[in-house]
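What follows is subunit A paired twice: with subunit B in the first complex and subunit C in the second.
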Partner chain A sequence: MTGADKRLRVLALHGGLVLVLFALQFLLPDYDHTNFTSIMVLATYAMGYNILVGYTGLLSLGHAMFFAAGLYGAGMGVYYFALHPVLAFVIGSSAGLILAALIGLIALRTTGVAFMIVTMMFAQAAFLVTLYFNDVTHGDEGLTLTQAARGFDLLGWHVDLTNPALRYNLALSLFTGALVLCLALVRSPIGRVLIAIRENEERTRMLGYDARHYKLLALSLSGLLSGAAGAAYVLFFGYVGSSFAAIQYSIYPLLWVLLGGVGTVVGPIIGTLLMFYLIEISRDHMSSYMIVVGIMLVLLVLWFPKGIAGTIRARWWGWIP
Partner chain B sequence: MTFLSTQALTRSFGGIHAVAGIDLDLRQGEIRAIIGPNGAGKTTFVSMISGRVEPSSGAILFEGEDITALRPWDRVLRGIVYTFQITSVFRNLSCFDNVALSVQRSLSKGRAIWYRPDPAEVTAAVDSALHRVGLLTRSAELAGELSYGHQRLLEVAMGLALQPKLLILDEPTQGLSEQEIADFCSLVKEIAAGATILLIEHKMDVVMELAHRITVMNNGTLLAEGSPDEIMANLDVQRAYLGT
Partner chain C sequence: MDLGPHLLLALLEGCVAAFVLAVTALGLSLVFGVMRIVNVAHGEFFMLGAVIAWWITSLVPDAPFWGFMLALVGAPLAVGAIAVAADALVLRRLNYQPEATIVATIGLLYILQQLVLSIYGPDARPVVAPIQFRIVFPWFGYSGYKLVAVGAASLLLLAAWYGVTRTKFGLIMRATQFDRETAQAFGVPVKRVYAAVFALGAMLAAVAGVLVVPLQQAHYLMGLDPLLLSFIVVIIGGLDSLKGTLIAAFVIGISDGIISVFFSPTLAKIIATLAVALVLVFMPNGLFGGKAR
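Moving on to the complex of A and B:
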């Protein structure tokens, strides 16, 4: 397959995905319409997670803190300071980026299991902070943003983030932006080095690369996307509480990425979509739905480590980035 | 000015001196072989030169500068390139991507992390390195699916693409067939026209064919050094290594 041929296929697959998501808004019933809005936002979070775990080979168990940084950064900005939602989004995304860079300076001194533990500990500390400063965060009860606070005027047109159609398309834009960023990253020279670090870090160093810089960059970008997803989530759905900073929000992206295909650009949306509905369905039938999450995690790690897109790539479409 | 010189270079693991105070001088353009029995400290010694292993004491001078404290990736940028004894190509990447990692590193020397070298230039340099080792037709194949001999050649291509001044080859002919060894020797001679080569090698016929000078190590120390003829005639060497 030539380079141009491959580029065309990559464009067709990812462009097709965006078009399908765009078309679905006219077909989905209200309930699923809202679900898809959140799936696209959560998939953005999963893509951010995938940059680190899938392309750089660093397994974090603490990404909830970056997601929560986005949620609280944007949410508290709007709640306490009546910030413009666009500014709140920028602040939330930056909070994810900055927190990831700072945590990275410490956590990236470790690798493997130690990295998992260190990131998990930081995330637990962040979770406890949201509970400890109950006066400000309102802990589990959380903060609810009013409809008025989630609207603004743009060029004489009133933008209301509680409007489902608008929200859907903004979520799609966010998702598309993240998709383009991930595609550009993994096909760039930096992406090639990240993959090399995942495959064999020592060999990469002996090719003249200071792996620390690349890992910090990957973690920061990962934090940026996680923060952006968190900021969008609070602006679209108007609520932020401590549960978003809890451990299950660190496990979810791992699960979504594993199910969809670790180290693939399309994997995160596939995994998020399937897992979202699996949890929805099991929630209807039992109260202990987290057991489904646990069982899925075990099954995936044991028997399906490549996930859906990863298996497709290994069996049929070797060109999937 | 000596090209490379090590001064009392030492590495201890616990109480064991893997390398115990080696002084070695390398002239630019020479092919130097390091021989010695297993466990003599050869790999540890060259690993200190490449920066993979930190010395316990001693110094390394490269082109007149003390590089003892330099990290391995900075040494690569100065032209010290190590090819691994145990083949460690990126098995899940294509041959092209394996070599492209080296090429983009040497093309982005001194640039910011997001610098993007001209793709056409990268492709040309990758093709040229693969061509030199005879793997150009296998450019798109996954490195892990190559035969062992071809993986060794890919490893050399990755080294070449870094434009080394000093290329360290750690037992490059291990596991190769007779024909592959012969081809490999001509490749090394060709590379030596543009780079200094430090070669760890067990096969004496390869050493005799390639080396300008030979250094013999035993128990972490330098046992002898000289031209191939001198080394062959040295009784100590014969006792320690050649076994006759």
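Moving on to the complex of A and C:
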């Protein structure tokens, strides 16, 4: 396959995905319309997670803190300071980026299992902080943003983030932006170095690359996307509470990415979509629906470690980035 | 109350917490030491111990003492069997690869926790203490059972120490820990040792759960706190060191007791978790710094 041919296929696959998502908004019933809005936002979070685990080979168990940084950064900005939603989005995303860079400076001294435990501990501390400052965050009860606070005027017309159609397309834009960013990153020289680090860090360092520098960049980008997803989530759905910072929200992206395919650009949305509906369906039938998460994790790790897109790549379409 | 009695109370509470924590953390430490895996489901074994203890004691409502004794034997055995099954069905198939094992034990955590939720329900249920007497200090009365729990925990710790350092099984275990392949070459049945160690670690957590249940009630979410505290203890105490684990359990347990009496328990936990993350990063001779085998 020639390079141009390959580029065309990549463009067709990912462009097609965005087009399908765009078309779906006219076909989906109200309930699924809202679900797809959150799935696209959560898939952005999963893609951020995937930059770290899939392309750099660092498994984090604490990404909820970056997601929550976005949620609280944007949510408290609007709730307490009546910030412009766009500004709040920028602040939330930056909060994810900055927190990730700071945590990275410390946590990236470790690798493997120690990195997993360190990130888990930091995330647990962050979760406890949201409980401790109960006066400001209202803990589990959380903060609810009013409809008025989630709207603004732009060039003469009123933008209302509670409007489902607008929300869907903004979520789609966020998702598309993240998709383009990931595609560009993976195919760029930086992305190549990240993959080299995943495959063999020692050798990459011997070739003259400063591995820690690149890992910090990957973690920061990962935090940026997670924070942006969190900020979008609170602006679209108007609620932030401690449960978003809990360990469960660190496990979810791991599960989504594992199911969809670690180290593939399309994997996160596939995994998020399937898991979202699997959990929704089991929630309707039993109170112990989180058992689905446990069973899926064990099954994936035992029998399906490449996930859906990863298996497709290994078996048929070797060109999937 | 004055400061003195307050401090005494805090010390007593800390002591109880420390002994129970030491037993739980010892299980985690054994599993990590010998098998080089981090068992995230460790707290669920603690919870299972407590829940099964509730079930067993509820079968003999008229004789709380004998019911509790039965639970003290039955609950760890049941949990040990579950652990053996988990080892054979999941961990061994992954060949104990560290990162895959963590993900699998996270899965195990949810499976066990949610199974208990669907069978046992969301309520917290009390277990009557096997003995009822109060030690009366001039300032306050103190539950005698707590001191009995401390005694039982220290007996267990002594037994564990004896088992690891003075018995044939302990020797085999340490040989496997030191060098898995050489041990295998010398005829040590490594797979069976791994299964036994995983079960033993789970059973220690389960016993701790049984000892705690008269003080704390059995609930399906009670596993998270002991898990995090055990992580903290094992990381600070360092690998390959029973002594380190025990010392760390006492430092953490007692300081947690004291800080919680005088300050907010949440603040104490925040400080402890951050401290542990920093220990793990900056003192790599702690838990994970040992040579990768």
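Criterion: the second predicted complex is superposed on the first by the 321 of 321 C-alpha atoms of A that agree within 3 Å, B and C clash if a C-alpha of one lies under 4 Å from a C-alpha of the other, contacts with A are read in each partner's own complex, and residues count from 1 in each chain.
Everything below uses one rule, namely that a contact is a pair of C-beta atoms (placed from the backbone, for glycine too) under 8 Å apart; a residue touches a chain by one contact, two chains touch by 3 or more.
These numbers were taken from a predicted model, which means no experiment stands behind them.
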item: Touching partner for A:11 - first (subunit B), second (subunit C), both, neither; value: neither
item: Which superposed partner A:102 touches (first subunit B, second subunit C, both, neither); value: neither
item: Partner chain in contact with A:136 - subunit B first, subunit C second, else both or neither; value: neither
item: Broader residue contact with subunit A after superposition on the shared chain, subunit B or subunit C; value: C
item: Touched partner set for A:207, first subunit B, second subunit C, both or neither; value: first
item: Contacts of A:195 with subunit B and subunit C, given as first, second, both or neither; value: first
item: Subunit A-facing residues of subunit C, complex; value: 38, 90, 93-94, 98-100, 102-104, 106-115, 117-118, 122, 224, 228, 231, 235, 264, 266-267, 269-270, 273-274, 276-278, 280-282, 284, 287-289
item: Residues on subunit A engaged by subunit B in the complex (per definition of touch); value: 188-190, 192-193, 195-196, 199-200, 202-211, 213-214, 217
item: Parts of subunit A lying in touch with subunit C, wherever the complex brings them together; value: 59, 61, 106-107, 109-110, 112-114, 116-118, 121-122, 124-125, 128-129, 131-132, 247, 251, 254, 258, 286-291, 293-298, 301-302, 305
item: Complex contact set, residues of subunit B against subunit A; value: 50, 52, 71-73, 76-77, 82, 84, 88-93, 97, 100-102, 104-106, 108, 113-117, 158, 162
